[in-house]
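Shown below is the structure under consideration.
Order of writing sets the labels: A, B, C and D. Residues in every chain begin at 1.
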Amino acid sequence: MDLESVKRLLENGQGTENESSINSLPTRLFDPFILQGLHVDLVEPGRLICSMKVPPRLLNNGNFLHGGAMASLVDLVGSAAIFSTGAPNSGVSVEINVSYLDAAYADEEIEIECKVLRVGKSVGVVSVEIRKKKTGKIIAQGRHTKYLLVRSKI
Amino acid sequence: MDLESVKRLLENGQGTENESSINSLPTRLFDPFILQGLHVDLVEPGRLICSMKVPPRLLNNGNFLHGGAMASLVDLVGSAAIFSTGAPNSGVSVEINVSYLDAAYADEEIEIECKVLRVGKSVGVVSVEIRKKKTGKIIAQGRHTKYLLVRSKI
Amino acid sequence: MDLESVKRLLENGQGTENESSINSLPTRLFDPFILQGLHVDLVEPGRLICSMKVPPRLLNNGNFLHGGAMASLVDLVGSAAIFSTGAPNSGVSVEINVSYLDAAYADEEIEIECKVLRVGKSVGVVSVEIRKKKTGKIIAQGRHTKYLLVRSKI
Amino acid sequence: MDLESVKRLLENGQGTENESSINSLPTRLFDPFILQGLHVDLVEPGRLICSMKVPPRLLNNGNFLHGGAMASLVDLVGSAAIFSTGAPNSGVSVEINVSYLDAAYADEEIEIECKVLRVGKSVGVVSVEIRKKKTGKIIAQGRHTKYLLVRSKI
């Protein structure tokens, strides 16, 4: 194994024209970069169902939905579900975990379901499941734990 | 609490000009979107240290490095560390978890250290720590578990 | 804070008569120590519901069901659920995670529900939820990932 | 696969003489059941090293240290490490995760090292590593997140 290739893997594309176009992206683009195209199908206090067609920008090198993108969906959609319970704010993340179970390909319709497991005065926990909309097959399941009393410091 | 505002939170910006510019982003942009600006400082078999100045595009609404971006770093840099051991491929993700411990602000220098905990014939596990470069204070710690025998299906 | 008290906390009871009675416990007592009193209410391929009255031996110092005991239930009952799919063996553990959401007190009836999320040729993942039987309130939710091709080494 | 055998797997031994001896075990035995034989080798604020000979009672059916026992060590020893920082109490568990990397056999000497990653006013996180004492090979690595402001409710 060539250690230089590990370096290339991570630094790949730097110094190309791709670089300047990425560097010129606007600030705080992360949320829309992940969420653009997502539709909220149902929202109840503590429960949220969204759907989305896997966008080409979120694919990995294997041409399926990136694991980091799925972790980001667990983060963002899970936070919104905690907010839906009437929590005063959506807090800060304490812990996120995701199990990856299947692949979702470009333009495949996925469904994201969140169930809030608990919201107390200071800690909220939500379970998030990403499924193939057509078959219901689970693509990923995760949990997101947030600390809600965010005035000063955790 | 207004359930409509949860919907707006997630669908925010759709239908604006932001939308078309995001939709026109190239395919498989996820890796460079996360990694652009990262520098590999050290690579040994099973150990990897990188550094990066927190780029404005990866900020969240609180103006610090997005939790989803940190999970994506655990994914991507952790995968490269597993690859550095000489594993035949970097496999597919089985599980990612991240504990969030502190905030990293725009242009702050961060350091990402990966230690491979185990690479067997079929399962690899790597621990990833994100720190403030100046003080060494831990911002996040996570683990990434990969399945390495990817020929057909898990 | 007295560092000596941390030592006492962990080494507490050693050198007392408790010690010899624990040291004389039979080998491989762990499974029955956790499971004694558990009843399987439903078993289908990939789905399992059990119930149990919280036994006094599994309480923590706060007098509610010990977090380690709940993690052990996620381990053991989750393994049985993976086995119920017809997997050739119940494999070895790769990862366990548990979120703790509420307390279960002595003699309270709890229900443990497992849903297998995926069983492939080599990796199985199961979601485990522990609830108060009376109210359905969630006490803990976890996931257990197992590697199933256990002939030689992972 | 015989669903009846899943039931037997979990209810095994009930109705035998083992049952009455387990039912007669004292209340809150969990901590000493796990910790008996553990020795604290080093304690500093936020750092803790312990060692232990794997006791026969904590073996699984494969005759190596039970995954549930290791999760319980992450719970208990990790809690003590958080307590060692001077936290007013050791709090309640929010989340535990463990990656299993190798097996530890009966009478093998193991070392448990805890490093507190953060202790704030309300949330504490500790990383726990279980290793073979002789070789330093990692057997398991986990994290334990606790909520520290335990007066009323989380």
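Quick note on the criterion: contacts are C-beta pairs under 8 Å (C-beta built on N, C-alpha and C of every residue); 3 or more make two chains touch, one makes a residue touch a chain.
From a predicted model like this one, the values you see are computed outputs, not experimental measurements.
Asks: Select, from C-D and B-C, the pair of chains that is joined by more C-beta pairs in contact.
Replies: C-D
Asks: Where the centres are mean C-alpha positions, what is the separation of subunit B from subunit C, in Å?
Replies: That pair's centroid distance is 31 Å.
Asks: Distance-wise, how many Å sit between the C-alpha centres of subunit C and subunit D, to the nearest whole number?
Replies: 12
Asks: Residues touching two or more other chains, restricted to subunit D: which are they?
Replies: 94-95, 97, 99, 118, 125, 145
Asks: Line, ring, star, complete or other: which one describes how these chains touch?
Replies: complete
Asks: Taking the complex as given, what residues does subunit A use to touch subunit C?
Replies: It comes out as residues 97, 99, 101-102, 117-118, 125, 127, 138, 141, 143, 145.
Asks: With touch defined as at the start, can you tell me which subunit C residues reach subunit B in the complex?
Replies: Where subunit C meets subunit B, its residues are 94-95, 97, 118, 120-123, 125, 145, 147, 149, 153-154.
Asks: Applying the document's contact rule, which stretches of subunit A touch subunit B when the two form their complex?
Replies: Going through subunit A, the ones touching subunit B are 1, 3, 5-7, 9-14, 18-19, 22-23, 25-40, 43-45, 48, 50, 55-63, 66-69, 71-73, 75-77, 80-81, 83-87, 92-100, 106.
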